[in-house]
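Pasting the structures in now, so scroll down.
In what comes next, chain A is part of two complexes: it sits with chain B in the first one and with chain C in the second one.
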Partner chain A sequence: MKAYTRRSRGARLRVHEIWDRYKGENHETALLLLILALLGVMAIVEPSALTMTFVGDIIRSGIVTLALALGLLLVIISGGMDVSFPAIAIFSGYATITVMNFFGVDGALWPFLLASIMGIALGSLNALFVARYRMETLIASLGTQVIIRGVLLAFIGSVYISTLPAQLDAIGASSIMRLGNSPVNILVLPVIALAFLVSWMLRKTMFGRSIYAIGGDRESARRVGIRVPSVQVRIYLIAGALAGFAGMVHVVLSRHASPFELVGTELNVIAAVVIGGALDSGGRGSVKGTVYGVLLISLVQNSLVRLGVSSYWHVLVVGVVVLVGVAIQAQASSREAKTTRILESTEASA
Partner chain B sequence: MVTQSRVKVLAFTAAAGVALAACSASADSTEAGVGDEGEVTMVNVVKLAGGDWFNRMEVGNQEWAAEHPGTVVTQTAGDDASEEKQIAVINDLIPQQPAALTVVPNSPESLESVLKRAEESGIVVITHEAPGIENAVANIEAFDNNAYGGFQMDTLAACMGDSGEYAHMVGSLTVASHNVWAEGALERAAADYPDISRVADPISSEEDQETAYQRTKEIIATYPDIKGFIGAASTDIAGIGRAVQEAGLQGDTCVVGTSTPSTAGSLLDDGSIDVITGWDPALAGQAMLQAAQLVMDGEEIVDGMDLGVPGYESITQDPEIANNFYGDAWIEIRLDNLEDYPF
Partner chain C sequence: MSIDTGRQASRSVEQATPPWALAVKRNGSTFGLLSLALVLAMAFSAINPDSYATLLNVESIAFSIPEVGLMALAISVAMTIAGIDLSTVAVANLTAIFIAWYSRVGVEQGQGQLTATLIAVAGGLLIGVLCGLLNGLVIAKLKVAPILTTLATMQIFTGVAVAITRGEAAYGVTDPLSSFGYNSLLGVPIVFWLFGVVVVAVWLLMTKTKYGVSSTMMGASRTAAEYSGIAYTWVVTRTYVLAGLISAVAGLVLVSRTASASAGYGSSYLMLAITIAVLGGANPFGGRVAVVGAALAAIVLQLIASGLNMMGVSTYIYQIVQGLILVGVFVVAFERKRVSEAISRRRRRANAQTSQTNQQKEHQK
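After this line comes the complex of A and B, so read on.
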């Protein structure tokens, strides 16, 4: 009897050790297990739904969310919150198309650049409020969201544009390969490249480490010589550029421009980033986790019709899965808060 | 360093500001006008500001206003298609005391109490796309919604050769008219087309084209034999058509749905969309205003009344709901008559 207890405790210890080793810096493993569990449910309930087309559809549905999430990730790691990014994104995308139509010019690459520059300009509003006037980030971005959207609808346009300039439309129709019946658009490549770039920046650059430092403890960061406002300005400008780019990706992928889209999706994107391990109190988060978070959200959203779940239940099911994902993170980080962090690995996350 | 970046930010913000100011200078400044002495103000509250559909309704409103000197008609809405925004908009309008409100509700049930207050303060309330609403003198429909659903099914069936599976997409499960159309279509299929069946409950697109597109991809993957789609919100068939086009199924599926030529017309070319059905929002807007005018003149809206608007020359009273009236104003837009409908 005694021996049995000891052995089982030993086994439990070993499980803990293994878990500690593989849980990932931001509990990505738990998230991965949740994703696998959902796929498992699908495999049992509707095995015919698990096809390459399904993979293609998830990529297509997640790519804009990921592009939007990258900028938000920086803001959240730095201890802020941003709800203005979808407004910045659709403003940049829609205004770029409007400018192109107005002047009758066409192009493939520069519109993305123009949208990013517009994103930077709009992001500077956030930067101004947050870094200069020290406003609460959530409140500041709530304000800028409404302002940006209002200006877009009132002055840029509220008309649905059903056809894009020819070269952009061609990008929207060009794919690098087909997964089953689902074409994988070429724009997946720049978004993936951006994900790697942001990941590298967060891990390897002084600027990236400063973002974590500010999010961890703003005052300490200031005392070790990090210029907090300067870092914040750069964060919001970069986040603006990423949002502008994402807006253009959205417009080109959907092959029409409507000023009413994207705003309203911010909660999905925030959920993806938070599920991915970024603490809303700051100082933690990774691109890898964010990618998993986006995967989870896209997976749920694109499987309910396949599983035959009635539309009446969709919102509820998505809500429950998001809640489970966030709960896993909250649970894990509260457990960690109880243990001392002095000897925590100095190896970079992200 | 800090100062430098501050300067940069300020420069950027200034640039953004200048750009925005430049935009605003070019925009029209047609101010609504609360109504001078003797002017009658009527306000058209729609689901969503801007957008082709309600812009077209505004064209109709202004035509009607031009024919009725002394009447000012303005259009307003929340900046998203939510019930809450619409309630707030109407709340703000009540103290301004317009003579009439012509309302296109996002969710009729949720507007009941605010419309009740509007009526109690003496404002004439006429609605559209809200059968069964209680706090309105009359709800004017372009057609009987159930019959329109049947008409959509007839159109789809003709295209599908009277057999096959179809899916029905609605803007939201709370938009009453969309769901009555879906029922009407299903009932017509059950009655007249035994070989046509619906694959699932109506699927919500959340009034979003991207969502309609993604749900359609799911439907195509889940029901490979699918032959037809019906869309309800104006962006539904645009999203459906795009997904059908990408899957290369233009020739194998029939897409029929409520929309406008400017939203979905370009997809008629290659058969991604087959028929756009609907009604002309300009005429619906005029019918609402005319009904409001008649009520303000002391008349009662009755069965067989002529509103003097094409398709609404002899409106029918709903036998079950006393304040619900419909015309016979549905239209069918195909590639060959696309040019007749410039909206």
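After this line comes the complex of A and C, so read on.
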């Protein structure tokens, strides 16, 4: 009896150790397993749906979400919350197209740059309110969201632009390869490059580590000599630039410009980032986790379509997935907070 | 620390000033809002003397206040414990849909108008309580941040509403409900009376009961509150149930007033409700009860909405104004605090210098 319990405890310990080694800093492995499990369910229920086209659709729908998520990730790691990024994105995308039409100019690269610069300008509003006036980040971004959207609709335009300038339209139609019937757009490449860039910045630069430090404990970060307001300003400017770029990607991919799009998709992006392991209380999160989170959300949405679930249920299902994902992350991190690292290491050495 | 200095300041003022001035000083934000409302009312009346300052317009403003005012109250209550309730509009819509649906089904099944109304309203309020319970339990037990929880449940409640209505609007309410929504009592809309009753009830609950004091302390400092024996789970759950119940009352008002309900109704209300709550004096970081303030702020915002509407300003501009008010509240508060701190610092330095010179003089003697 005694031997049995000891052995089982040993086995459990070993499983625990293996899990600890591979679970990833932010439970990325659990997320990957969840994605695989969902794919498994799909394979059993509707095997005909699992085609290369399906993969292509997921990439297509996930790419704008990922571009938006990268900026939000920085904000959430620093302990903030942002709901203004969709407004910034659609403002930048739509205003760029309006400017191009107004002057009758065309281009392929500079519109993306212009949109990013607009994003920076709009992001500076968030930076001002958060860094200078120390506003609660959610409230500040709620305010800037309605202001930015109001300015867009009242002064820039509220009409649907059905055709883009020729060169941008060509980018929208281009593809680097085909997965089944679904073309993979060339814009996938810059977004992936940005993901690597943000990941590198977060892990290897002083600025990136400062973001984690502020999110972990603002006061401690200040005391070790990090200039908190200056880091916050840079976070919101970069997040603005990323949102502006994402807005342009959205406009080009959808091959039309509508000022009423994107706003309202905040929750999906926030969910992707948070499910990906970034806690809203700050100090955690990774690009890898965010990519998995985006994949999961995109997979759920596309699976619902493939499984023939009535579109009336989509909002509910996505909401439940978000709540469950967020709850699992919160549980995991609160459990971790209870077991202190020091005790664990003495146990291991004993 | 800020509380301390505030109390010291008021104590020193107490010796010199008359009681009415003290009352103004203690309820600064309330009086500020009241005077803001008066100034706005006069300004818009001056701009539109023929249409704004009429009984008809005042009545229509009074009809429009309760819905969004109640939603703001729900958010304000959640902010007292340093939380937030983003699901309030979704809960109101879900309640409204149930009431509209049961109004039809109940009467069809041969229940009297009054019975059907009572069951519909009771069921609607129960939905609000259950939604609030879900929010509270997820936040308190699963330790998910309030923003994320209520963002997700907002989606879930809206999703339920979309699923059961197939995305369409539900029309019609029972006769008692529609007369409740349309009629006035003593010249004031009945829904506005209800709003007043709820405001007073919530104010009593938040300031005069053990629960109210506990939740305020919990919002000011969770650690301190827990060390003094306040049960976190209990307070948080109760607060979100209260917020859910208030949201359900908002749903009751909206369905009686419009005689219809849909999952997508009032999507711009959320932002407005948060603006009202913050303008009313609620602190997103917790610890401040602002029930009366929320009610006054709701009146202020509706005065502005009506005034801009009469001037023919587009709704987009009104949204910009809302956003500017929201951030403006913080900017003004920040600048005021900074200026007053700078003044007191200068005064302290001046005092220190005079005492120093006095000491030096004594030393020289």
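One rule holds for everything that comes next: the second predicted complex is superposed on the first by the 339 of 350 C-alpha atoms of A that agree within 3 Å, B and C clash if a C-alpha of one lies under 4 Å from a C-alpha of the other, contacts with A are read in each partner's own complex, and residues count from 1 in each chain.
Heads up, the rule we're going with is that a contact is a pair of C-beta atoms (placed from the backbone, for glycine too) under 8 Å apart; a residue touches a chain by one contact, two chains touch by 3 or more.
Here the structure is a predicted model, which means the values were calculated and not measured.
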Superposition on chain A - do chain B and chain C clash or fit: clash
First (chain B), second (chain C), both or neither touched by A:K288: neither
A:Y312 touches, of chain B and chain C: first, second, both or neither? both
First, second, both or neither for A:D57, with chain B first and chain C second: first
Touched partner set for A:A327, first chain B, second chain C, both or neither: second
Contacts of A:T144 with chain B and chain C, given as first, second, both or neither: second
First, second, both or neither for A:A154, with chain B first and chain C second: both
Chain A: partner with more touched residues, chain B or chain C: B
Candidates 44-52, 80-88, 206-214 or 242-250 of chain B: the single one with C-alpha clashes against chain C: 80-88
Chain C-contacting residues of chain A that also contact chain B: 149-151, 153-154, 158, 264, 312, 314
Interfacial residue positions of chain A with respect to chain B in the complex: 49, 51, 53-54, 57, 60-61, 120-122, 124-125, 127-128, 131-132, 149-151, 153-160, 162-163, 180-183, 227, 229-230, 233-234, 237, 250, 254-256, 258-261, 263-264, 301-306, 308, 310-312, 314
Chain C-facing residues of chain A, complex: 81, 129, 133-136, 138-140, 142-147, 149-151, 153-154, 158, 264, 267, 270-271, 274, 279-281, 312-320, 322-323, 326-327, 330-331, 334
Parts of chain C lying in touch with chain A, wherever the complex brings them together: 84, 138, 142-145, 147-149, 151-156, 158-160, 162-163, 166-167, 267, 271, 274-275, 278, 284-285, 314, 316-317, 319-320, 322-324, 326-327, 330-331, 334
Residue ranges of chain B in contact with chain A within the complex: 1-2, 5-6, 8-10, 12-13, 15-16, 19-20, 23-24, 26-27, 48-52, 55, 79-80, 173, 200-204, 208-210, 213-215, 217-222, 235, 238, 242, 246-247, 262-266
